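These notes are about the structure you will find just below.
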Amino acid sequence: MLGTHKLGACLPTFASCADRYCLTGYGRGGKTMDEMLDMAKQVQGLDGLELVGNWHINDANMKKVTSLFKERGLAIPMIVPDLWTQEKWGRGSLASRDTKIRAEAVAEVKKCMDWAAEVGCQFVDVWPGQDGFDYSFQADFTDAWKHLRDGVAACAAHTSRVKVLVEYKLKEPRTHCFISSAAKTILLVQGIANVGCLLDVGHSLAAGENVAEAAALLAQYNLLDYVHLNDNYRGWDDDMIVSSVHIPEFLELAYWLRKVGYKGWLTLDIFPYRELKVEAATESFEWVRTLFECVEAKGLAAIGAVIDRGEGTEAVRLVRELLRGKA
Amino acid sequence: MLGTHKLGACLPTFASCADRYCLTGYGRGGKTMDEMLDMAKQVQGLDGLELVGNWHINDANMKKVTSLFKERGLAIPMIVPDLWTQEKWGRGSLASRDTKIRAEAVAEVKKCMDWAAEVGCQFVDVWPGQDGFDYSFQADFTDAWKHLRDGVAACAAHTSRVKVLVEYKLKEPRTHCFISSAAKTILLVQGIANVGCLLDVGHSLAAGENVAEAAALLAQYNLLDYVHLNDNYRGWDDDMIVSSVHIPEFLELAYWLRKVGYKGWLTLDIFPYRELKVEAATESFEWVRTLFECVEAKGLAAIGAVIDRGEGTEAVRLVRELLRGKA
Amino acid sequence: MLGTHKLGACLPTFASCADRYCLTGYGRGGKTMDEMLDMAKQVQGLDGLELVGNWHINDANMKKVTSLFKERGLAIPMIVPDLWTQEKWGRGSLASRDTKIRAEAVAEVKKCMDWAAEVGCQFVDVWPGQDGFDYSFQADFTDAWKHLRDGVAACAAHTSRVKVLVEYKLKEPRTHCFISSAAKTILLVQGIANVGCLLDVGHSLAAGENVAEAAALLAQYNLLDYVHLNDNYRGWDDDMIVSSVHIPEFLELAYWLRKVGYKGWLTLDIFPYRELKVEAATESFEWVRTLFECVEAKGLAAIGAVIDRGEGTEAVRLVRELLRGKA
Amino acid sequence: MLGTHKLGACLPTFASCADRYCLTGYGRGGKTMDEMLDMAKQVQGLDGLELVGNWHINDANMKKVTSLFKERGLAIPMIVPDLWTQEKWGRGSLASRDTKIRAEAVAEVKKCMDWAAEVGCQFVDVWPGQDGFDYSFQADFTDAWKHLRDGVAACAAHTSRVKVLVEYKLKEPRTHCFISSAAKTILLVQGIANVGCLLDVGHSLAAGENVAEAAALLAQYNLLDYVHLNDNYRGWDDDMIVSSVHIPEFLELAYWLRKVGYKGWLTLDIFPYRELKVEAATESFEWVRTLFECVEAKGLAAIGAVIDRGEGTEAVRLVRELLRGKA
């Protein structure tokens, strides 16, 4: 916990972390869920873990999984339908040209919603990472947009017990994904009930957004439901330790999360390829605590006053003082 | 003319083209409007020129300017309110913290709308380039968004004889501009009557968009009113000759402009710093003609069939065949 | 063959093409080398295939492999030591902090040199992709540089029958790789005998280089020994079909390869994740042929004359004319 | 002063700071040198100011300028030959196709060396910003390289009383500059006596370098003679306040400057367009002091030990502890 925020992580943080070169991963593979949950419990402050549908939770293991979590006092804040790890989604899921694939994708999300409802999880995270294109003249943007809207709407109508969150990303695994920015996500889900957004900080950075601005925009449209934390160098979704690269941007995000009254989960979506997993998650939370401490030590009003004046130099000095504690 | 499209250019194309190092410009400075119009007339196919309010057109010279254009058979497709060349706009125009500056910005746009109405020009181009921020903690995103909406609405309500087009750009002159993408522009203008969008291809490329997708998205929302053509290397608004860098992307754009039925102006917004101005504009139009020729030689249906199949390899082959004429 | 150039591909082009999400790959997995060679033979003009040491060629299968290649009339232009697919290289190979790992990396390269000598292959490709860093304060740049030089020198001294080529890349799998540009590669190998460079076009693009300039620079230092072809959007090593994105840059490269007298292999290093493998390689070669045809139709002298004048507009017109055949 | 470092700024920091839109600048224009020096004196710790040849110092004003500096106890650490503010350099200076222009560029540098010698300034800064290209097929890379080497050598041979420093930059004002990275600069100047390098941090960031690595590389070749400080968002040379964006990178640079024993000037090359000039420079120096304080509080040995272990998580924790003072 961190104030009103629960702190989470994605379960694969504790897995072997593969890339396209080292397909077995840089860490130890073959861990059981027991082992990964035990690792997770070593991360101070961690309240829960996201699960990928089918891989981590399914009809067969539901009871077992629930009890593993209960034993350790861990929550399941999110179930993520698998729309991206199988060859069949390779050319698209919700926006596939193939009616059958689209239907399967919607069914996959609904199945996860059912599991979520059963384990008392509030959200599913719809990230249509395979829905996009690689080359010019490869996509019908209009059709894809319609399919995505229809698919999201079909999922959202399934049950009001679980909310459908849409997660945007500029690219990867496709060189271009359709749902690429906060603003596009807002446009996509406008007018559909029971839908919200998941802001992944690293996706926002890689999309060239100022992430605090993205959070403020989503909040204006009442769509800031959930936040993923990680960092990168903006050229790719490096899934690095929180605030390891973008310190002023993370401080500004912490301020805006407070200002817009965000009270939800702060969940790590890091990929500590070469790092010890528990340590990487722990340091990420240390940074999260530091960011909010910095903001709170100064106070929202004092920071707001700097923003109101809009002087560049004063804004830079503010960051220095927040970090160095000379408020 | 190019089919249904009129071909235009921004008047400063024919001026001296300065940058922050060479403030007097790389070309000959001090040209009169006569001289610049004469240069423009040498560009085969050119139908009209955009003017910047106050600088190129104002109460004092209105009659003179009108007659200079009439003599040469040139249209004025757009008047661009100057919200960016004076120190007073440096910290913002329509989104300024200063009520007085905001009012002046709105007044500036309205004045241009009046001039536009008088000379029979259909559009003003609102590009709030100074509205943004440079540093973290320098902007109140929520206030800025509200000011921008209010300002655009106030302008749009001024007269229905001239439509207000909003032009987005990711950055420059600010390191971050508020209206940065097609999707954000759509969100901003939603529900305001008499407002449309201007798609600047270079701005779209520099914003990390696929420009054909941006055009299709704007068209879906009935907001694709006007197109600026230029190219760049995506890191900056280099304002280069059309299609000099992004050939597949420009071909795809030409196809989508046809597909969504765009019939408006195709206007150069190039900055030929070191090039002969007439030649640079001429070559830009040669490329524009080439792009549409390629698309038309193959035909919309045949291209659409490739898109429908969504095969990457086939899409690449299509580009090669479009260019090489082996349809 | 294409004039003096032999045309190659990396064997994994024909494998299943996995990424970090879809670890089993988007294509059919589990192919035998027989099957992959048969696929390769369907690619018109293909003269040979690069092999990865241990994975594709090793002491046990050497004879078998040689005969599979011989049967099909295929050459082995390159053996690539595996310094990147195993967890043990995760924190570095030739530049590892660990003396033992460094020694193993050198041994791995030498082993590949022996295999290369045995099968009549002229080169090994040393790509130390894991040698780099992810975070600030994670690397001792001076030590790493020394280790890399020492390692490359130790390999190069092993046998003069096989030349050691160093391949640079800006990033991936590390967020920062040490050997990141053409110029750094030249610096690294200066003064070491029996060493050259491999220019991977995609790596060059992603490093922010103009690839023709990189080729010219390497050639000036007599270090342009081998060329890998693929394309990307500059933010990542997308390993796409040749010339699918950067057409003017590829044309310029074709010209400069001719101008500096490069006569070596042109080998595809593409990763056709979602494409049919044979078709993607075939289309890549079609583009390669097109590029050189365009250059040759105009002639080196005529192109050189345009370059000599250095006019931007004329350079753009040249690209249009090369492509459209109006020389 | 900051330990062994003298602190400087470029004189135009205190001028009006124009860009291509607002050509008269966002600050007050028309300041006299007196006024600008008086402003500079208000910046605590400032030891000297760089001057641009001809503009700020020339035969006519030499005595006057010297006495203005002497009166205020300010040094002139650098004279920068103007190879970029005049139309005549627009297509190149030292690497121009035009023999006459090349000779003029060399003469310009020599003239500045003479002035430098006369005022006791140790360096001239050769930044050939106009030497590059904008379009494919516009540059003869081989010729350009030769011209640049010859030009730099000719300058360096002029007098040993003043050292010629070469400053690299990836782009701007050209879309591609020839001398674009630390490694290319080293290659260029190899073997020429009386030549060194100027590392501009912002140029390094915009070139995609890790700036600490660039500093270490230059130091290995004994070419780290002078450092320019400023920050940006990596897509452009934004010339922002020091450490306003890249905090971990600046901390790492401070460590490496200490480690390689750099003792030279730390000079601001910032462009505070919309900021109060004195305040922006003052805050930049506050950050410089903070960076070195952080490094020294922890100590070189302790930081070096973290680097030696090469653990990502530990590196991130180090940055947090350096900033927050929990060493």
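Just so it is clear, A, B, C and D label the chains in written order, and each chain counts residues from 1 on its own.
What we mean here is this: a contact is a pair of C-beta atoms (placed from the backbone, for glycine too) under 8 Å apart; a residue touches a chain by one contact, two chains touch by 3 or more.
Worth saying up front: this structure is predicted, and the values here are computed from it rather than measured.
**Q** Using only Cα atoms to place each chain's centre, name the chain farthest from chain C.
**A** Ranked by distance of C-alpha centres from chain C, the top chain is B.
**Q** Write down the chain pair with more C-beta contact pairs when C-D is set against A-D.
**A** Answer to which pair has more contacts is C-D.
**Q** How far is the middle of chain C from the middle of chain D, if each middle is the mean of its Cα atoms, in Å?
**A** Inter-chain centre distance comes to 35 Å.
**Q** Using mean CA coordinates as chain centres, what's the gap between chain A and chain D in Å?
**A** 40
**Q** Multi-chain contacts only, two chains or more: what residues does chain C have there?
**A** Residue numbers touching two or more other chains: 91, 134-136, 240-241, 244, 248, 274, 311-312, 316, 319.
**Q** Under the definition above, what is the set of chain A residues touching chain C in their complex?
**A** 18-27, 84-87, 89-91, 129, 134-136, 171-173, 175, 232-233, 235-236, 238, 240-241, 244, 271, 273-274
**Q** What residues of chain D sit close enough to touch chain A in their complex?
**A** It comes out as residues 234, 240-241, 243-245, 247-248, 272, 274-276, 279-280, 283, 286-287, 290, 311-313, 316-317, 319-320, 323-325.
**Q** Enumerate the contact residues on chain B facing chain A in the complex.
**A** Chain B reaches chain A through residues 91, 97, 133-142, 145, 170, 176, 181, 183-184, 186-187, 207-208, 210, 212-213, 216-217, 220, 248-249, 251-252, 255-256, 303-304, 306-308, 310-312, 315-316, 318-319.
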